[in-house]
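Structures are listed in the sections that come next.
In the two complexes that follow, subunit A is the common piece, with subunit B as its partner first and subunit C second.
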Partner chain A sequence: MKTVSARLWNRLSSINLTVALCLLLTMDLVWGYFCLNRRTALFTPLNDLGLIPWAQTYGSHNLLATGWFFLLLTLLALLAVNTFACTTSRVAQLLRAKGPGGWQRLALRLAPHVMHYGLIVILAGYLCSYLFTQVLTSSTLAPGSHLSLPGAGGQVQLLAVEPEYYQGERLAFWKNEVIALRARLLLSDNTGQREAFLSCNRPVRFQGYSLHLIDFAPKSLNGMKMKTRIDLHVRKDPGVALYLAGMALFSLGLILYFYQWIVHREAHR
Partner chain B sequence: MSMITSHTAFQFAAVLYALALAAALAPGKRSLPVNLPLAAAIGCNLLAVGLRCHQAWPMLPMHLGPVALPLCLGLFYPLAARNCEPSLRRPTQRILLAVVVLLTALALCFPKDFYLPFLKSKTLLAHGFLWFGVVGKACFILSAAWAANALLPRQSSHAISAMGRSHRWAALGFSLWTASMFSGELWSYLGWGTPVVWEDPALTLTMAAWFFYGCLLHLHLTRSWSQTHRALYASLGGLVMLTLTCLPDLGPFRIPFGL
Partner chain C sequence: MRMFNILRPGDCILAMAALIILLTAAGCNNDPSATSSAAGKNTDKERPAFLQIGEFAVNRISPERTEVRDGAGRTLVLIPREAPMPTDCAPSQVVRVPVRRVAAYGAFDVAVLRALGVLEQTLVGVTTPKERWHVPDVKRGMESGRIAFLGDAASIDYERLKQSEPELVLTWDPSIIPLMDDLHIPVAVTTTPQAMCLNARMRFVQFLAPFFHKEPEADAFFARIDAALRDIRARTAGATRQPKVMWGDIYEKRVMVEPGNAWVGELVGLAQSNYQFEDVFGTSCIEITVERFLYSGQDADIFFTYRSRDMGATSKAALARLNPLIKDIAPLKNGRAYAPLPHYSQSADKLDEILTEISAILHPEFYPDYQLHYFAELPDVDPVAVKEKSHDHI
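This part shows the complex of A and B:
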């Protein structure tokens, strides 16, 4: 029994498997480019629906165009398992054979493995995000109107929209268009009220939800007069912290790896 | 008052890059006939990129990649073959110039610079996504050029040296490509609430290139393939992969020097 599990572990931690998976992923993603390019509308709901409902509807009914995506998920799952097995084996070897140089040297030697673990955390974060995210799409707010957050007892009210119109000469196509927009929100729950400012790349976090500004009106000082409104995406995404942590871990590994590379090069001069 | 446009500056750059390539391919060992038009071409290309960034700042100029990539490669030209013998250096520099000329021709024949910048690109993350990606891709091209050099028939020590350089450029490119992907994911999360926006097909090619070079680095580190196979993978495979990553930035055909 032990030999079977050891053999399976060895197979799973094979670097040849990594190479094969990376090649298959590359080819699958190139295939995916052409499918996504031709049938973009099929994949757009994936942002809001989540993985399972999307797979049961758009995904399973258009397998010719979405097959690459299911293959991608399978290959990524295999890559995560292979990366975990391979990295864990190497880390165990490194920890057993502590060479000269102490902990600092060991930390530098662990750099590539930190990157590998970072990748696994990122993939886990994405999976978590696509499986468990709650999305309220197209929540439109006009000044004075409010939005209730489901299950949280919180309310978001739009107090005012503060647009900044471009008045310079350099961006001719942008003259009198909104160049920056700030939406003043009132966030209230059982504990009290507070004001927050929402803009294009600055979401507001409230009661576990993140509020993202997707669109707004009016966009121009001239032209057709439209009522003032903002369109929001409201999301509760439990995977964010995980994939951000994964990115931080991967970046740390990368920095350590380059530091080790430079130190190694200097030592050999 | 007539002023030079970004497109005109890039047209000048294309002609000068072609002159530098012609001089590099001509027999003789003098470097001035290559370096002079190359320096002028880099100047024109810098002007073209600078004008497009100036016209869009603080937003991101759309589809700048094909115009900015030759500039990066031109700037890398002196660094690409530092501290190595002329017999090893020249083939790489010739390949590099040939790629630059090919890229400028593609950018002139299939421009996609008619899209206006959009408001959500007004963030440093968007600029990081673009520039890390462009410099990363330039490193990948250098890696492919060195790998192609390693395939030329000559002493094995030269091939080993060329493959070592190919590996270093691939590693640097991979790090920058990763930084570009992370910047893009963070930007996407802040702007749209999700790290991957499935409206943009280009993201699949970005990921494909990441896995392709991840695989190359594993092959280099483990030596599980022979050197010739690795060189073929890095040069021919790299060329195919990089051509594919340029596809989303190319538009419909235009006469390159039309009025």
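This part shows the complex of A and C:
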């Protein structure tokens, strides 16, 4: 006779639940598309406030526009549980019936399940990021000015801003507009000083923090004369390690799966 | 069909439960921005603990602490003047309220101070010289020396600013923040990366109100604008003709327009008209291509130029002379063109009148005998040119 927990486990590991969740996720994301499109400003602070403060303010005061996001979290949590239960059941079966071929064959057969576990770790990493990341919002630096990192005793000084302007002829309206920007920073702490270059897609890591370029001025040689500045987000994100680990796990599963596919193809020639 | 056959009711119920709970919860709460008509009646107890105003926000943590998010996404902590300095934030983030001395970069900020009724008591510095002000309170303040001209916004005289001893600087320029931090003067950035929507434009006064303990005044102001908007909606509801409107101008080779997400674009739509740049999204006064501007101008009825009379917008012919590229757009050939009067940009405290005036321009049939106060309709040719022409005939 099955116990209640065994029945619940079976229910949670059901592929039917997976299908239902995927359908609901699709519907929810359609709802989310319209909400994001119309109320973008509601969701922007989620990047720096963190999930709990955002939910207590923007989220709970605008439920008609943010409800889809809470539903998304719930559905993703259920999907993670479903994936874990389903994968673990299958892994247990494989371990019980190891069969011929030994550990090498077993490892290959576990490949898709390793990818599933990797996905769960990635999702956990994102949740961790939204829950525990510390963000110092919009710290503005002008050339020569500096920023102290909270609790770390480190300082970041902006030495110079090196913009690259569009000088092509094809896009006339882009002429003299900044198309890439590199900020030269001086990072100082108790151990010494070093220079680092910060650009839009290249954050700088220093003392456990990552510095991200959010905005800058001036953006053009023409038009209104703006004083030189860069705006930074300074983040301490404990989720990064988790989703990097998840990606590594997923990649490992993918390599094993690919290897198994080649071996299987060769065996059937 | 087969896919649905494999779903057992138990699984569906498990998954649907979350959906139903959340949808029910969502239906129980109202968006505070949607209940605009009640805003004017709010008392301190009824006032929401959290208010989102476009990209700005006001979060009342406790009677002794309010956190606001400014246009640059920075958090400022408002505490009573006599309260001890909080330890959980940088001193440059703390503003002691009510603020008694404020320096303001933009005419819009100054107009909002006026709407709150604190301009005369608090404004100590501006970045526009006296002769370019049209607000009597500011002119008087500058004459008496109470309000200082701090220099042009691009080259502020920081010594003068320091002498003015502001407790808060309202600015659109975040590059001053590092220096202001050194001077221990908190800064609130009052512009946003995206253009302010109509709701944010109307409610912006509620963002600045907690700095001066003027929340009831802000609510009353918002209620006034809301009433004007309702009147516009009611008057224009029966419009059978929807004029096509464009708002912007060409400066040498640069074309700047108000995007569709700006309050102007929203207002035009609300007043039963079509905004030609409705699909353009971004910052206020956004740059688009000349081709797009000319394409939208082919069938537009009304053109609002950014240029005022002193910038050369004296007639349609003058605009065409300034920019030969636009001489063939429909509003300049057989439509209507409007230029802002010099005091328009300093009159945000009369937002209800401005909204009504724009509606009257779009639908003059619903506003008989309306006299323009903030815009001037441009004649086909300059009066001087007409005079010269008639003189030539003689």
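The rule we apply is simple: the second predicted complex is superposed on the first by the 239 of 269 C-alpha atoms of A that agree within 3 Å, B and C clash if a C-alpha of one lies under 4 Å from a C-alpha of the other, contacts with A are read in each partner's own complex, and residues count from 1 in each chain.
Following the convention adopted for this analysis, contacts are C-beta pairs under 8 Å (C-beta built on N, C-alpha and C of every residue); 3 or more make two chains touch, one makes a residue touch a chain.
Please read these numbers as outputs of a predicted model, since none were measured by experiment.
Of the two partner chains placed around the shared chain by superposition, subunit B and subunit C are both touched by A:F173. With both structures placed on the common chain, the touch criterion links A:C128 to neither subunit B nor subunit C.
Contact with both subunit B and subunit C is seen for A:T44 once the two complexes are overlaid on the shared chain. Residue contacts after overlaying the shared chain place A:A55 against neither subunit B nor subunit C. In the overlay built on the shared chain, the residue A:M247 is in contact with subunit B alone; subunit C does not reach it. Once the two complexes are laid over each other on the shared chain, residue contacts for A:L159 go to neither subunit B nor subunit C. Of the two partner chains, neither subunit B nor subunit C is touched by A:V91.
Of the two partner chains placed by superposition, only subunit B is touched by A:R235; subunit C is not. Look at A:V19: by the touch rule set out above, it reaches both subunit B and subunit C. Where the contact sets of subunit A with subunit B and with subunit C meet, they give residues 15-16, 19, 40, 44, 173. The residues of subunit C lying in touch with subunit A in their complex are 3, 6-8, 10-12, 14-16, 18-19, 22-23, 25-33, 48, 50, 52, 54-55, 57, 59, 69, 72-75, 154, 173-179, 193-194, 253-254, 287, 289-290.
Considering their complex, residues 11, 14-17, 19-21, 24, 28, 40-42, 44-45, 48, 57-58, 60-65, 67, 70-71, 74-75, 78, 137-138, 140-142, 145, 172-173, 215, 217, 222-229, 231 of subunit A touch subunit C.
Within the complex, the subunit B residues that touch subunit A are 54-56, 116, 119-120, 122-123, 125, 171, 175, 178-179, 182, 185-187, 189-199, 201-202, 204-205, 207-209, 211-212, 214-215, 218-219, 222, 224, 241, 244, 247.
Touching subunit B in their complex are the following residues of subunit A: 15-16, 18-19, 22-23, 25-27, 29-30, 32-33, 36-37, 40, 43-44, 46-47, 126, 129, 133, 135, 170-171, 173, 178-181, 200-203, 210, 212, 214, 233, 235, 237, 240, 243, 247, 250-251, 254, 258, 261.
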